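Each chain carries a letter (A, B, C and D) given by its place in the written order, and its residues are counted from 1.
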């Protein structure tokens, strides 16, 4: 029974490679997490268990895919960044995005019980994520994307922190709190927090204020100007397969860490030049050695 | 702290709607399931637990997304079919594919323990899936796609059944079995099975021979010619939102079933006209009523 | 001097095949024809010379590309239709569109002097056209596209005929005519034409009222129901190269004609089944034979 | 007669914007110019009239589209380059490509008679061109593209010059010349030219050896390092409409020139920084002032 009669249907598949030498950002978002966070009693404004679970899943994704150079997460979203020189899956869009979404989901579900021991998952109400890829041609564009997400994190967290203080500690209704906050600027919210509730926003948890940055850890370097679009990235076809494999192995040796720091200013990137260069740094000296 | 300075990065997002009035097939495949099936000791040639788990996850996906009209699974792959009139997520490619991949993965991981009570998942070696969407303009193209998968199922299963009989029952080495099977046709394999091992391939489990078909169950109808590309599908913009919502509700009432039958001949489709028409059929009369 | 150092730049080219088994409509539009029609003194509301020139260029395109099955033109736009079974240029989007745009432009410029003997082209103010391709999965979608253009032709021509009668014969200012026509329906315009200017719109030139249809002429057939999406179109991969070549030769023998008839109703398509079937009809018997 | 019934067909149009902040290269190629050059008796290995006509058409395209920053032509092909900051037609792929192809074709046909006074165009055998767009993320990628074309020009011209000398002056058959040249390197060909035909390849016309570079002329600047990807290019959304308009006006004032120089080394680009920066330079001082 030959299958040739039907094989023409393969002609309908369309190739979807992403443009070479561009930064690829795959952003995933929780599906219907508003409802989901109610069902599983997420704490407001931030649920540490939920964020730790997001971060754990993101770390697993970075370990699984050494081509990823950095990721940034806030709330129920996570952005994963491939270097311009990345050749994984021949840069096929759907393959890259679905691999990240599925790997992230698998670890999120698998580790749920560890982070939410008292909130077992109730089928069919399982967490899931959608995702998409965006290309950024210049390193500045990619960094501006990351800055955009971190500024968004700040704006939302300041709002949510104030809102829930007014509701939870101030006894206001959701509607009243919402109304009072309408049109306020950052200074207003800081003042509400401090004067009414004795909360100094600066002392809030860095994870809530800054979000979570995930990357491979090497020895920090002295800050120097951000490297330009790396030259090897410009000629992606010329990085040989064996070179790529060697780099992968080096990357697998590095530890994947979660940080809650500013990624808008240059400092973060200058001290960790391996993120933008795509070349592994020096492994940190073992503290016990 | 306004975010407008960085918001230009949103301009790099590219829209990806799939062409209206086409059948959308989202096919997902297990990542590295060869290795994975070794790690978790899947039985050869078919592991009923693994297939039941695949089917359970597929059923959950169909229940979650009433826009899906049918799915077909074999081995570690599953194909999900959206009707040409589907407007879900404005037919955005990445959104449709990642939602299916993530929902499938979530249920697969969540139900793993039920199907593999003796093989707990070992992080980081978790099952995951990639996926992609293909558009088929004509109903015949979509049916030919389904036929292609089912013929593939047959070819592979006959081969694997024979191969593993030769190895497991016949005591041959993998290499020897492979060599002997090279160049054989179906009749040869049937004969090997029957003469050497007393196996009548026809009596093998239908799930292994035919794969698994998942769809919503309504009252079967008398077989009549396959309906043409349905007319409402041709003018997708004209199905009103409220009509769509009404159809969705009707679909949610139907039971999602798993079948192991021929989907190449017309009979299957003619008796279940709701699959190709996209219009819900009559709910089956309750047997106990 | 080897060129291999730079050849990696070819990797940035992205393939752009259009989905198999869909109708491809390439629509071209005059660039800045409002200004251009002033410069070369096009008559209002319709300039026969300009329309004849458009039609002559369209006929040349159909003769050059036998894969085209029909074209429809109105004003400074023309829509060219490829059959779902078309394999020209492997259905590459840019190649199909630019070939039509360039061939059309070449003939338009070359024949300008024949149609506008008293209006020589003044460089750099040359006519040019842009274009794009749209895919239609079902024959009904493609026919609805054609109907859309012909209805548009009717609406615009009735408006323009009335407007210019009011201005040219009625001595009204453009603004006054525009204002009076605002909110009027077809019947109102017909009445203005007839009562004020003695013009019976039905007697206007069919080319102005119906636009221009260009196709290959074979023996008309008795009207019978429109054929469904033709079966050979559904399996485009299976039409052999030599069959395609044979069809091309037959098509080249047919005369390309320009008609000004209704293409909304079924009659036009039923009498000319070769347009939708993609199979050449019988050549008309020579009248002189 | 409302048109709303058919307007749904517009939903099948798919948007095709090119990625922001990338160099856009639109390359056009003559269709069937091998045959065409025979029909109109183009001289071998180079026909000055044909190249002058190509260049004249390219100059007209640059004058028409001030967003173009440079073009490079050789034989029957021309590559037009838009700056990363270009917003023309919202960077729509088909619109950009077809506008260039059509404008080029229009001028090519219109000026044919000037360049080929003794070879009138014979309908339907008219020259036409196809085209496509390719995006290059980094300035180095774009320059490598240009270098690739110029190296190709050199390789082909050296071959063709030698081949036609052997045939036209040496009296060899095409086949014999082809055979002898197989496997030769540049030095071999230079030697054949010099020893057998007294031709010093270095003295050949620069247009034939280097191809043609078309750009806007401003005051040359002292060579300094090539500017990096210009910063304004990185945030294309932030160049205001009025700024864009102002730049366009400045560009229209500059003369468009045709040059036959090396564009592989840095010198060309360093002396003409406006090409890569996208910012108009200083207009040259009028010689008569």
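Keep this in mind: a contact is a pair of C-beta atoms (placed from the backbone, for glycine too) under 8 Å apart; a residue touches a chain by one contact, two chains touch by 3 or more.
Not measured: the values here are computed from a predicted model.
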* Separation of chain D from chain A in steps, with touching chains one step apart -> 1
* Interface with more contacting C-beta pairs, comparing B-C to A-B -> A-B
* chain B and chain D, separation of their C-alpha mean positions in angstrom -> 50
* Report, in whole Å, the distance between the mean C-alpha point of chain B and the mean C-alpha point of chain C. => 43
* Counting in whole Å, what is the centre-to-centre distance of chain A and chain B, each centre being its mean C-alpha position? -> 31
* Would you mind listing the residues of chain C that make contact with two or more other chains? => 8, 12, 14, 19-21, 135, 141, 144, 235
* Structure fact -> Per the touch rule above, chain A residues touching chain C in the complex are 8, 11-12, 14-15, 17, 19-21, 235-238
* Touching chain D in the complex: which residues of chain A? -> 19-22, 84, 135, 137-138, 140-141, 144, 228-229, 231, 233-235
* Structure fact -> Listed in rising order, the residues of chain D that touch chain C in the complex are 1, 3, 6-10, 12-14, 16, 28, 31, 60, 63-64, 93-95, 97-99, 101-103, 105-111, 121, 123-124, 126-136, 141, 144-145, 147-148, 151-152, 154-155, 186
